[in-house]
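Before anything else, here is the set of structures, which you'll find just below.
Paired with chain B in one complex and with chain C in the other, chain A is shared by the two complexes that follow.
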Partner chain A sequence: MPSASEILQTLTFQSGYNTNLVILGTTLLGLAAGIIGVFALLRKRSLMTDALSHATLPGITVAFLVSTALGVNSKSLPLLLFGAAASGIIGVLCIQAILRFSRLREDAAIGIVLSVFFGAGIVGLSYIQANAASGSAGLNKFIYGQAATMQPPDVLLMGGIAVAAMLATFLFLKEFALVCFNDSFAQVDGWPVSVIDLVMMGLVVLVTVAGLQAVGLILVVAMLIIPAVAARLWTDRLLQLVIIAGLIGAGSGYLGSVISALLPRKPAGAVIVLTCSGIFLFSMIAAPSRGIISATWRRIRLRLQIEADHLFEHAHENAKFVITQVELKELSQFRAWSPAFRWVLIRSILSEGQVVRVSEGFELTRAGANRGAQVSRNHALWEQYLMSYADVAPSHVDWSVDQVEHVLSQELVSELERTLSSRGIMIPQPNESSV
Partner chain B sequence: MPVHPTIQESSQGLATRPEHSANSPLSIHAMTVAYHRKPVLWDVDYDAPPNKLIAIVGPNGAGKSTLIKSCLGLIPRASGQVEFWGLSYKQARSRVGYVPQRESVDWDFPVSALDVVCMGRYRMIGWCKPVSKKHKEAALSCLDQVGMREFANRQISQLSGGQQQRVFLARALAQEADLYFMDEPFAGVDAATERAIVQVLRKLKENNKTVIVVHHDLQTVPDYFDEVILLNMRVVAAGEVSDVFTSENLHKTYGGRLTLLAEAAEAVARASSGNT
Partner chain C sequence: MSTPFFQFDIGLDLFPMLAATLAAVGCGLLGNFLVLRKLSLMGDAISHSVLPGLVIAFLIASTRSPLVMFLGAAIAGVTTVLLVELVKKYARVEPGAAMGVVFSALFALGVLLIERAAVRHIDLDADCVLHGQLETLVWYGAPQKLSELIQFSNLSEVPRQIYVLLSMVVAAFIFVGVFFKELRIAAFDPALSTTQGFNATLLHYLLMIFVSAATVASFEAVGSILVIAMLICPAATARLMTDRLHTQIAMSVVVSIICGIGGYVAATAVPAVFGKDAVNAAGSMSVVAGLILAIAIIGAPKHGLITRIIRRKKLALRIAIDDVLATLYRAEESGQNVTIRSLKQMLIGRSVDSAIAASVRKKMLLQDQSQLSLTQSGRDTASAIVRKHRLWEYYLVENAGFAPDHVHDTAEQLEHLKTQPPAGPSTDPHGKSIP
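After this line comes the complex of A and B, so read on.
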């Protein structure tokens, strides 16, 4: 295990030139991928991006073979990346062509292109390994990534792409949003949808190709998509989404490479992706309103409200002002309340001041009695509505009423009153003073 | 390969209408549309009179949406021409507004109702510029016209279906067009939304606009519209509601689902896909 001072040193860029390069490079890559990924996600291009990254492999091998044959330095990175970008784009064009000229759906077209291109790349790779004199092993790094080999020009490339991503988003946020949300409207409105699409796709290609070396072609799609989906859990606003996704991407690039620097022989790419997934998992659980905790809490609150409604309705219909412990037990059995749920339920209505504790059990306060009367009336309103308008047989009414009476808003209740009174059906308001 | 229909059935209700002129906001001439090699609209001729509310009605699969989408260039035409005030769509585009079908977009998109309505102003704002306060005010007043001002900052997935439809309508109003195409704006909306849409339609007419609406509810056609196009792969009849909205024409449009045209279209599709 690394010591605390080692961790601090790595976190604060004090653990050597090479490590710093890697940390800086992957942070910038994460930033760019997070921002661009938002638009890939919103344009529903996540899978397409995966096909794109897999389709880069044959281009890399062809570029290697061609440059070897021509006697150029076959390890020249720009040349290899150019090959990668070219074959990635050809892969995307193949998907478009399959969609256009066959009856296959997009998922099938993506599946075909992804596997065929990747297969071709693997064949090319094994051919190089068997025949090339030297330098062949280096190509493997494009599959799984090898951040440790990052050089200053690579970091500059990442920085350039991050700046391009931010600049494009700053300039074209409105145009990107329009095309992602409603491309047919954009086209009718006169926007060059295919050009805007091309810019978005071009940025995705840039990030993918730049990410090949660091995280590898299998995992680079994760850098694009996971920050965006994680950020989506935290916000409903596009600009915030872009910023949060960029921060999550940069954060996972930074943390992931720091962790992999501290733990020997852990590949940076995979650790970065796992860090990113960790942030996503945390978001899924803890995000406000969209997270699991908040959703569960909402469900519990709704159930508490509904069951408390039942309790007060029961009291109202039986003209009871005190609910004894025995009755409470009977009601619990009938409504299938567990002892724990009953305990929480009683706490909640006690704290809302709708019942007070008395020696035999619980006495309804005026607020509690009113609630019972209100629920009862909603029940009657809805029942009448179903019978007179929806032609539901009276014997069947009760079940569906039970579901609805708790969720009737004030607006719906007055609408119901209007509808029913037009048919001469009046249901008296609960008389509050009689309690 | 473009499909040239060899079977043509006569279009009625057009005899007394003028040929397409610079006055007509929309004139369609001999338009045929094929979709995935299957012809869906045959030889459509129609001249929209200005300043009218026009309904397109017909059974499912009659090509109602296809008609407006091909007018707007969203679906390529196999043959025929479409002119707007005597101009091409490209030239007349700034005077045309569009309400797509509500189901055509993902309503979980991270924008507010106001953001969506502002999209109607984008073409006035232009490239790369943010939405200025002036345009936001305009968008807000469009939301007001559909009774949605109080929902301006609501995320669009938190709106009901009817409210989403009204947001789309407000976006089209924000385009400040002279001719509107609306694809099924009344589909699956609540009573309040239906009232709001009708109110907007009447106000548009008062302001000398023309509105072409894909509509599915035959009962309300005489109440809501001045003109009607009865469509079933071809124009069965088109003209003023009082003239052409007859039970005879409706029977021709809706009765006997598999017409000669539909069978011919199927045959063309089968032949071109190679499995007979």
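After this line comes the complex of A and C, so read on.
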């Protein structure tokens, strides 16, 4: 285990030129991937990106073989990455061709290209291993990635691509948003939709290729998808989405490469992706409004409100002001309340001051009685409306009304009153006076 | 390889080839239901995400017992499906993105854990996860004669992987056989299946468990990439060749066998032609699967590219003939003279020359240099078309509420249908007589 001071040194860019450069490079990569991933997500191309990254492998091997045959330096990174980009693009074109020329669907087309291209890449790799004089020790790193062994020029190339992709995104943000959200409108409005689409796809290719060395071609897709989906949990605004996704990507690139610099035996790509997944998990649990905690909390609150409504409605309909323990038990059975839920329910209406504890059970306060009257009245109003306007048979309205009565807004209730009374339909009168 | 052709060697080739073929058949069979339900990518996702399940089962139990591995894989498979549902629900993204998040995160976890396992000297390795280890199945000291091979004592020589794969294939066939009716209904109409009392969701999970099991059984021998290729490619190929589910399944199994044997042979034989060493067999099998699929896309009897082009050309010619004859008929009606040149001007975009040639061949048209005239049989055919045209016009005006001056173009298309228009009066909306 590294010591605390070592950890601090790595975190604050004080542990040697190479390590710093790698950390900086993966951070930039994460930033770019996060930003561009948003558009891949919005265009519903997440898994096409996966096929794209898998399809880069045969290009890498072909580039290696061709450059060996031509006597060029076969480990030259730009050349290998160029091959990767070329075959990745061919892969995407194959998906489009399968969709256009056969009756197979997109899911099958993506799976086909992914597996067949990757299989071809494996064939290429094993060919090089068995037959090429220089060996292929360098090529395996593209599969799982090896951030720690990257050389300064490699990092500069990767960082450069990432920064370029990022700048292009901010330059074309408006165009991208337009095509993502309403491409037919953009078409009608005279925008070159297919060109914009191509630019977006091109940026995805660039980032994928840039990320090959750091995270590897199997996991690079994670850097594109996960930050975008995580950001989706936090916001509904595009600009915020882009910024949050970029930050999540950059954060996981930074943390992941720091961790893998400290623990060199750990595969860097997997560490970076797991860091990213950790952030995603946190977002999914804790994000406001969409996260699991807040959604569950909302659901419990709604259920409490609905069941309390039923309790008061029951009291109102039976003209009761005291609910005895026996009655409460019966009601629990009828409404399927667990003892724990009943406990929480009673606590909540006690604290809202709608009932008070008396010797034989609970007595409704004025507020509680009013609530019962209000719910009953809403029920009757909506029932009348359904029977008079929606042609629902009187014997069929009760059940659906039971669900709607809790969510009728004040405006809707007033409108119902107006409409129904103007047509001379009797409105049930609240009998608050009887309380 | 000194010989320029594939020579079957029992020791070297029997078990690897058998293992590859069994893996291909098991996956190919199950893949049918994935492709039909548009779940191909779920196969992709599961084959990535069983990895952590496998390694965790392995680290806990410290054994390679197939039962433990299957348990780990089944749990991982079901977890994947559940997690994908969870991400879809809370992040509200398309299923593809949700799958991408889940499987890349789980795969990263698997890669990390595998390194731990490697530290504990257990022979699992991230590369063989991808392309398998067929070469470990070589049978040292194998008999060279067939008569010596078929002996009970040799059963103990059969490697564990073959038994595992064989049980997987048998189990998959039993599963498909027993639940064929249910799988078929669920594949085409899950809601119907549920209303008929068979829970489609349960069946879905069962299928996913089988896919996970097939993945694990195949992992060691052929690797995860071939699993994806075999889950999707043979079923997709068969889907292009036929519209009957029984035939599709039978075909996909045959294609799987061809991929298994053909890919294995090609891995050795093709490089040998160029005097090179053999390449990875699993990779070569997915390439073969891709090639077979490409052939099917181009040449399938009903849904292939060539058939579709021919069908379209034939239709275009038939329409052109119809139009040429009808135009001449109308000209006869109004006493005009039609030359080939004026015909071409009237029928822009249709292949007038070949239509004229075909009509002359069918003795419906007489050509005297640039003058054209209908024969009696040509006149009959043409009058039938013009009749249809005018009846459709009448129908559109009377029954579909079209304005009389708007019906011509629609009727121009409808007249080529084989369906007869409903009967009508003797004149069309423009006052022309209906023949």
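Heads up, the rule we're going with is that the second predicted complex is superposed on the first by the 398 of 435 C-alpha atoms of A that agree within 3 Å, B and C clash if a C-alpha of one lies under 4 Å from a C-alpha of the other, contacts with A are read in each partner's own complex, and residues count from 1 in each chain.
Following the convention adopted for this analysis, a residue touches a chain if its C-beta (ideal position, glycine included) is under 8 Å from a C-beta of that chain, and two chains touch if they have at least 3 such contacts.
As the structure is a prediction and not an experimental result, all values here were calculated from the model.
Annotation: superposed three-chain arrangement on chain A; chain B versus chain C shows a clash. When the two complexes are overlaid on their common chain A, residue A:F118 makes contact with chain C while staying clear of chain B. By the touch criterion defined above, A:R418 reaches neither chain B nor chain C. In the superposition on chain A, the chain among chain B and chain C reaching more residues of chain A is C.
Using the contact criterion defined above for the overlaid structures, shared-chain residue A:G190 touches chain B, although it does not reach chain C. With both structures placed on the common chain, the touch criterion links A:R232 to chain B and to chain C. In the overlay built on chain A, none of the stretches 9-17, 63-71 or 207-215 of chain B clash with chain C except 9-17. Applying the stated touch rule to the two superposed structures, the overlap between the chain B and chain C interfaces on chain A comprises residues 44, 103, 232. Put simply, chain A touches chain C in their complex at residues 41, 44, 46-47, 49-50, 98, 101-105, 107-108, 110-112, 114-116, 118-127, 130-131, 140, 143-144, 218-219, 221-222, 225-226, 228-230, 232-233, 265-267, 269-271, 273-274, 276-277, 280, 284, 290-292, 295.
Residues of chain C touching chain A in their complex: 35, 38-41, 43-44, 48, 86-87, 90-94, 96-101, 104-105, 107-109, 111-112, 115, 119, 126-127, 130-131, 225-226, 228-229, 231-233, 236, 239-240, 267, 271, 276-280, 282-287, 289-290, 293, 297, 303, 305. Across the complex, chain A is touched by residues 36, 69, 72-74, 90, 93-94, 96, 98, 100, 104-106, 109-112, 115-116, 119, 122-123, 125, 127-131, 155, 157, 171, 175, 273 of chain B. Interface residues of chain A, counted against chain B in their complex, comprise 42, 44, 103, 171-172, 174-175, 177-178, 180-182, 184-185, 187-191, 232, 235-238, 241.
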